[in-house]
Each structure stands twice: as C-alpha cells, then as structure tokens.
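In what follows, subunit A forms one complex with subunit B and a second complex with subunit C.
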Partner chain A sequence: MKTIQELEEIRKKTLDTINIRKDRSGTRIVVGMATCGIAAGARPVLLTIMDEIKKHDLSDVVVAQTGCIGMCRLEPIVEVYKPGEEKVTYVKVNPSKAIRIVNEHIMKGKVVEGYTIGAESK
Partner chain B sequence: MKDLSLHILDLSQNSISAGAGLVEISIEEDTKEDRLTICINDNGKGMDKDFLEKVMDPFVTTRTSRRVGLGIPLMLAACSRCEGELVIESEKNVGTRLKAVFKHSHIDRAPMGNMAETMLSLILAGSDVNRNVDFVYRHIIDGRVFCLDTREIRTALGNDINLGEPEVLMWIKDYINEGLKNIRGGV
Partner chain C sequence: MEMYRSHVMICRGTGCTSSNSEQIAKNFEEEIKKHGLEKEVVVERTGCFGLCALGPVVIIYPEASFYSMVKPEDVEEIVKEHLVKGRIVKRLLYAESVEENRLKALEEVDFFKKQVRVALRNCGIINPENIDEYIAFDGYKALEKVLTKMTPAEVIDTVKRSGLRGRGGAGFPTGMKWEFASKSVNDQKYVLCNADEGDPGAFMDRSVLEGDPHSILEAMTIAGYAIGASQGYIYCRAEYPIAVKRLGIAIGQARLYGLLGDNIMGTGFKFDIELRLGAGAFVCGEETALIASVEGQRGMPRPRPPFPANKGLFAKPTILNNVETYANIPVIFNKGPEWFASMGTEKSKGTKVFALGGKISNTGLVEIPMGTSLREVIYEIGGGCPNGKKFKAVQTGGPSGGCIPEEHLDSPIDYESLAALGSIIGSGGMIVMDEDNCMVDIARFFMDFIVDESCGKCTPCREGTKRMLEILERITEGKGEEGDLDKLESLAKNIKNAALCGLGQTAPNPVLSTIRYFRDEYEAHIKDKKCPAGVCKELLNYFIIADKCKGCGICAKNCPQQCISGQPKTPYTIDSSKCIKCGVCMQKCPFKAIIRK
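Right, the complex of A and B next:
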C-alpha cells in the first residue's frame, strides 16, 4: 500500500540530485503536447523519456512540454536543446524511438539523424 | 483521441494555459444510473461571454500557430455520440467549469484510458520552474472514492522538492494505479 509517509524517504533521497539539477546548465528535452501531439501519441513518448532519465540517473536533463508548434502532421515532436549546440527536432516519435534518442543523443551525444525533421522532409 | 484520459489531458492543458493555480478533475462512474461524468474545474483567467458562446466551434482558438482548435470540439463529439452532453461555464477572472456526460454503457463510449499517465503529464506540465499548478483528481466508481491532491504531496515533500522530480512522479503513478485498482474492486 502506497502511503504519503513514503514521500519522506523520497525527499531525503532526492535532495542531493535536485541540487545538481538546479543549476539548469544541462540538456532540455521538450515534447509537443497540444491536441495534435496528444492525439498522435505524445503522452507515452513523454513518459518513456521520463522513465529513461530515471533509469539512467541523468540528473542534468530536464523534460518540458510545449504547445503546438505548427507542424501537426509530424507529431509527436521532440526537441532537444543541448547547451552550446543547435536545437535538434525529432518528428513522428514513438516510445521506441524516444528510447534511442535518449540513449544515443542525450547520453552519447550522437544525433539520431534518421528521426530528425531533416530526414523526414527528404 | 483514442480514450477519455487523453481528452482530459488535452482539456486540462487549457486550464494550465489559462494560468490556473488549481485544477480539479473529477470522474464519476455510476453504473446503476448508467452515467459517466467528467468535470474539470479551474481557477484560471476564465472566458468572457462572447468567447464562451463560440468556444465549441473548431474555428475558434487562442493558439497563434493556426486558426483551428480541436480540443473542445473533439470532446463534444465524443459526448454527443454517447447520448451525453458537454457543458462549459466560465466567468472572467474567476475560472472555468467543464462538465462532460456520457452514457456509461454506450457502445461508442471511448474507454477511460490511462489516468495515471494523464495525471503525470499534467503534474509535469504544472511544475515548471517558474510556477506551480496544483491538481485534485477524484475518481468515484459506484460510491467508492479515490482522491489525489498534489497540495498534500507538496506539504509532505517540503518546498525544496519539485513535483516534477522523476522519483516523485513514479511514486504518484504507483499511488494512482493502486488507488484505481482498489475502487475498481481489485481488477
């Protein structure tokens, strides 16, 4: 049975990692979550990214959501902002693509070219 | 939209965009009356009378990237095809109340879907660095009640921990899934 008391343990455990995240110099992953994104399957993509971040303990990565960016037919769209690098836009993302994006781009710095908007428009 | 939880996610995002500090989502499933009611109430900036009158129209939207807005029209369609209705009341600077009613057993009624994922997405969206949105999620099935109130979680965690922390979100997910399982009679 889950109890509110368990939050106290989480509190103690996460206080340290939070301090690292607070400086906000890390990577930002932004998922489009307007009507178009949600209908195209953005919710499981968002939660898969969250899961991967937790699984690999990526304390300098934050996940955010945004509204419609005007390319609804390409949703779910995921944008990756790494400090000092150009923004990378991934289109038609699904949970398995999201796992690859986190594992290769976020963790190893290798952009998954095949999933980017550039590859889609070719 | 494949299921009702996705509609709820979409429409609650409107509440967040409207600057709400508190969004209350309640779902009541009454199998005896054969009715499913979803309410989303917020204390956001509200809509004036003119905008409210045309808000069900897909060609009315506040978004700037294009001239159609489908969130409310899709929910309206989902209700209408299940002998239900969609009612939206709003008052400028006070908030908005949305009520969607469905015939519970209707063949065209979309399944509930994953409410834990919907709440997680909303809590994450509402726990931005600059502002905090609280949520109350109440789900009632034939009188059995489950309730999640992020204000309680915030109190337990203290001010320095954000609800969007992965550890916290995972706890909330388990908490919701367990709670829903209980009110569904252990299924």
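Right, the complex of A and C next:
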C-alpha cells in the first residue's frame, strides 16, 4: 500500500517528467540540431543539458531541438527562452559550457555573458 | 520514471488502433532505437485525442506538433527529421494547425478552440496503462481529500452543489441519487458504473475508459465512501476490448497501490471494484436491466419503484452512474463545486462530451460547456457537412432522441432545450444528416434497431414498436396509405405512456420528431410515392437524359441486370421493370447523363 506521502512523491516525480505535455509556461532550452549542429557536437551538449536538468530536478524546463539557424560556423548553438525575458543565444557550446549555462542561467537567472553570441562577435 | 526531452504520444483508442496505430508505435520505437535516441525520446500509447476523422493521430511534445493520418511508412521520416534534427515534418501535420508557416498551439485550432475538457482532461495526454501518469495530473488527489478531510454528508453536498446531472441520458441530479442511497439503511450497498454504451454512433464513454480509466475508479471509490458501500462493479460491453483491457490493468494497479482494497491510503476505508462484461444487449443500459445482468440473470427491466437507491443490486441499496458522470467527479473535488457550476446554463451545469458522426467533416469527440449552440458544435467545431452538401438535421440522443432541423440550430445544448425540441441530450451521440438523407428512412432505421433490441417483456414495446416499424417500412416501399401518420402518432403516444422502461418510453421519439419537422417528406412518400432525398429504393427510378447521353455504352456494359439497351452513339434507355436500382450505371456514366428520381 502507498501512503499519502508516497503518492505525493510519485505525483511530483512523474509530473516533472510529463509536464511538458501540458505546461508551456516554463523555460525552453533549444539546441540547434541540423547537420551542422550535430557535426559540431550538438548531441553531447543536448545530453549534458538533459542530465543536468534531471540532476537538479528542474521541473519547468523543456529541452527542444531546432534545425539550422543559419550560423553554422558558430554551432553548437543553444538558445534559452525564459518567460518574459529576451532570448539568449549561446554559441560554440560544449558539454562543460552547457553545465555552466544550466547552473547559472537556468537555475540562478544569471546569463553566462562570455558564451553568448554577443561576446563571440566582439 | 526517466526524464525524456521529447514525448511521442500515439493514439491507441479504438479509432486509431483500427487504422494501425500499434504498428506506428512499434515503428517509432524501432526507428528511435536505430538512431540511438531511446534515452531521450519516449513513446507513449494514449487514449483518444478526439479528432478521430484524422486518425491515426500522433502528437509530439514539447512542440505539440499534431501529425494526422500518419502511416507506418511515414515514421522513418518523422524520426529522422523531427526527433533527430528538430525539423517538424510539415506535410504530415494537421493542416488546420499550421498558420503562416507557424505551428499553432493545439488550443488555437478550430476543433479544440471552443472545447473545455473536463471529462476528457487526460485523454490523449497520459498513458492510461500507467497509474503514475494519472497520479501526476492530480489523480487520486480528490479521493485523498474526501477520505481524510470530508464526511460522507459533505461529499454528497459537494456533488449536489456542483449541479452535476447524469450524463447517461435522463439527466437526474447525481447528488440527489447519492443522497437517496446514503439514507437507505442496510448492511451492504453497491456502487455501479454503467459502461454499456449502446447508442449507435456514441463512443464518448469508450474513449474515457480507454483514455483515462483511473478517473472512473477514483470517482466510484468516492461514491462508495459517500453512500457507505464497499463494493463496486463496472458493467462494460464486451465489444469494447481495449476499454476492458485497460480497466483490468487500472484495477490491478490501483489494488497494488492500495487505492482499492481493505485500507485505502491507510485511512481504514474499504472499497473494491470488479468488472462485469455485457453481451451487447441495448436494454442492459437501462438501470434495472443492467442490475439484473450483473446479478447473472437475463437482462430485463423491472418496474420502479422500488428504485435502485433503495433496492438495487442483490436487493441492496445501489447507485448507478454513467462513465462520463463519474469522470467529472474527481475534478469537482479538486477544483470545487462552484468552479464546475460556473460552466453551463442555469439548470445544466458543466460540460458534455458529444460524439460527432454522420455527415460531418470532423468526426470525433468534442467536449463543450452546456449551453453552447448546436450550430457552434456542428459548424465551428465539426466543420459542417463535407462535399458542400446542405445540412438537413442533427440526430441527438440515439434511438431515444430525435432529429433537430436547421431552423433550431441556434438553440443552446442543455437538457431542457433539447427536450423542448422533441429530442434529448441522451448519452451524447450526435449524428449529422445532409440533403442526401431521407428522414423517413432514418426513422425506420432507428425503429428497426429498437425492434431488434426490445427485450419483449412488456407488450407496448414488444408489439407496438413492431407495428410502427411495419408502417414505416410500408411507407418507404411506396405502400403508404392515407392515415398512416395518424396511426404512427397514436401508437407512439400509447407506447410512450405504457412501456415499462426507458427503452420503450423513448423509442417513438425518432419517429415523432421526424413527423414534426419533416411531415412533407412523409407526405411525399405516402401521396406522391416519391422519396425527395433519393434514398428509398422502391420509390426511385433511374433515367437516361437523352440530350446528355453520348451513346458510349459504358452503362450497359456495367449493368448487372443487362436492362440498359441502345445502339452506340445514340441515346440508351433503361428498362425500369428489370432495374434493381443498384445505381452502378449512374456511378459509371462519364457524362452524368443518368439521373435518379
């Protein structure tokens, strides 16, 4: 038999994993996954982001993919959409940069300026 | 449960399953594995999304891209493009969901825009075979609240305040039903669920059972607590194999989690549910017949009173509610009775699920607030009649309901308004008919159904409906006589007054409503021996229009009776005495030179 606490734990844990079917209000992390992105290493970036989200139990974050954004030389590209905020575009992302993006930008709301497209073009 | 970035939801309701959605699901799993995505993407089999006309339906989250009419061979492309590269396969999307190259949110699509999903809240969103997914979306939260914080009287009061009325047909206030049973004093009481959905064209209960079985179990347990019962039975038709299977799985999982059994959630409350399968008799949807059938006897109704609330299953106090009624219960407790009562009209609260069928573009399931007009449902949600045909009538409530013509389409949908029009909401079947449907033939069809399904216990129904059918058959065969309509009306009145159960009492409704609104069609059959819609075979003849006929001879070649003759390049003629009116010549004529009148 499950106690009421156990049911509540199941509810929370499962909701984290299936909430993307209902809720569209949270943060969206979009990874460029066209041929150029994949060739530049977008897949390990995507997997790292997912691992981090799982590790920190972030329930309102959705990871999506998109096609070629048009700046193939800057791939892997990761875009972060937070509700009510400007889109932030990170370029030349690798797994270790991805970890920092999740830990600082997603969790603490602090944009990792050094990795953004703005920093790159300077 | 693992965390996945993308969820592929594949409809495994009856509609999509019969167009091979299981193969699609298997192909997805295979392709996903082939591309090494099995740790990132999960495939879930769900219940009905509602838009059955466009099945098989696949929805992929987080984008919520709505793929329609997917074929097993399309799967490779979807996986390669959408799941690997993030490029949505536009050509396979439901066309309505794309606007200026942008993917519309599902709620913005015409079909879904006006819908409010309460009973269908989880259908298509959760995997019905996984209790955790039901729990995640507030499942069993209402039961927890009821068992830990409320008294049975408070539970009944909440249901009463919500204004919920039975969704099976009669529209009896659910809270009152529960109150009657709770006041009956007995050592044992029962909670029954009527899942014997029998109206032709109705499939809303099936979809709830297939898409969200736990909501029924939770609601029945709440009902058990409210009236003081420890045992429930779900009476489901055996023709719903997927529903039966998923109910079985759900009951097993609920027992495992202690949500059914001796000590539910550790509160000491005891309740269990068993399944009983019906053998497909329409009359077993009637409450006393259903009870007899659950008891193991022949499914026949008995006179009431005593009502089941006092003397029901095994002569113990029993409540019997329909599937959709139960599906509303957990939400009423989670969101409050005031929230539920804020939807709908003064006397009909909440939402109602309708199964749209017949001559309508978007065949499927829709859930709308009570009080929505028939026109909105048929045109704005249903997309109107296909192929530019003219709308003629909508049949609501199945064999117990009636036909409503164009001029009443602006009436709100609620129990009283439809009754005033000579129809009923019934269980929620809505069959749309266009100019090609003959209303006399429709009345004959429903009467034929009733004659088949009458249990034979009471004379008015057994004999009366048979006589009505005979008259209707005569009319459609061109043997109608002056006075037939009066005879039909007087028989109908007597059957309505004298029949033993709901089946007989409502059986004349399709005939009465068609006479009321389409009397001219009946008269054309009886007096002119013509079927204006061109349906009744005996009243039709095929003719070749000499001006249009090029003398190609294709009609003569295809005629199974060889009753078309003529010389090449000169107009042909049909020998009506030999013609069996199969219509092949008309279909085959390349010049549209053959007419039927």
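Heads up, the rule we're going with is that the second predicted complex is superposed on the first by the 102 of 122 C-alpha atoms of A that agree within 3 Å, B and C clash if a C-alpha of one lies under 4 Å from a C-alpha of the other, contacts with A are read in each partner's own complex, and residues count from 1 in each chain.
Here, a residue touches a chain if its C-beta (ideal position, glycine included) is under 8 Å from a C-beta of that chain, and two chains touch if they have at least 3 such contacts.
The model shown is predicted, which means the values in this text are computed figures rather than measured ones.
Enquirer: Output check: A:54 vs subunit B and subunit C. Expected answer is one of first, second, both, neither. What do you get?
Expert: A:54: touches subunit B and subunit C.
Enquirer: With the two complexes superposed on chain A, say which partner A:10 touches: subunit B (first), subunit C (second), both, or neither.
Expert: Once the two structures are laid over each other on A, A:10 reaches both partners.
Enquirer: Contacts for A:85 in the overlay, against subunit B (first) and subunit C (second): which applies, first, second, both or neither?
Expert: It touches nothing on subunit B or subunit C.
Enquirer: Looking at A:28 after the superposition, I want to know if it touches subunit B, subunit C, both of them or none. Which is it: first, second, both, neither?
Expert: In the superposition, A:28 contacts subunit C only.
Enquirer: I'd like to know which partner A:44 touches here: subunit B for first, subunit C for second, both or neither.
Expert: So A:44 only meets subunit B here.
Enquirer: If you stack the two complexes on chain A, which partner ends up touching A:113: first (subunit B), second (subunit C), both, or neither?
Expert: So A:113 meets neither subunit B nor subunit C here.
Enquirer: On the A-aligned overlay, A:70 touches which partner chain: subunit B = first, subunit C = second, or both, or neither?
Expert: first
Enquirer: Looking at subunit A, which of its residues have contacts with both subunit B and subunit C?
Expert: The overlap between the subunit B and subunit C interfaces on subunit A comprises residues 1-2, 4, 7, 10-11, 13-15, 17-18, 24, 33-35, 38, 46-47, 50, 53-54, 63-65, 67.
Enquirer: Considering only the defined contacts, which subunit A positions touch subunit B in the complex?
Expert: Of all residues in subunit A, those touching subunit B are 1-2, 4-8, 10-11, 13-15, 17-18, 24, 33-36, 38-39, 43-44, 46-47, 50, 53-54, 63-65, 67-70, 72.
Enquirer: Show me the residue ranges of subunit B that touch subunit A in the complex, using the header's touch definition.
Expert: 1, 6, 9-10, 13, 17, 63, 65-66, 69-71, 74, 114, 117-118, 120-121, 124-125, 128-129, 152-153, 156-158, 160-162, 164-171, 174-175, 178-179
Enquirer: Hey, which residues of subunit C end up touching subunit A in the complex?
Expert: 1-7, 9, 39-40, 61-64, 84-87, 105, 125-126, 132-133, 135-141, 144, 148, 257-259, 261, 263, 265-266
Enquirer: Residues of subunit A touching subunit C in their complex?
Expert: Listed in rising order, the residues are 1-4, 7, 10-11, 13-22, 24, 28, 30-35, 38, 46-47, 50, 53-54, 62-67.
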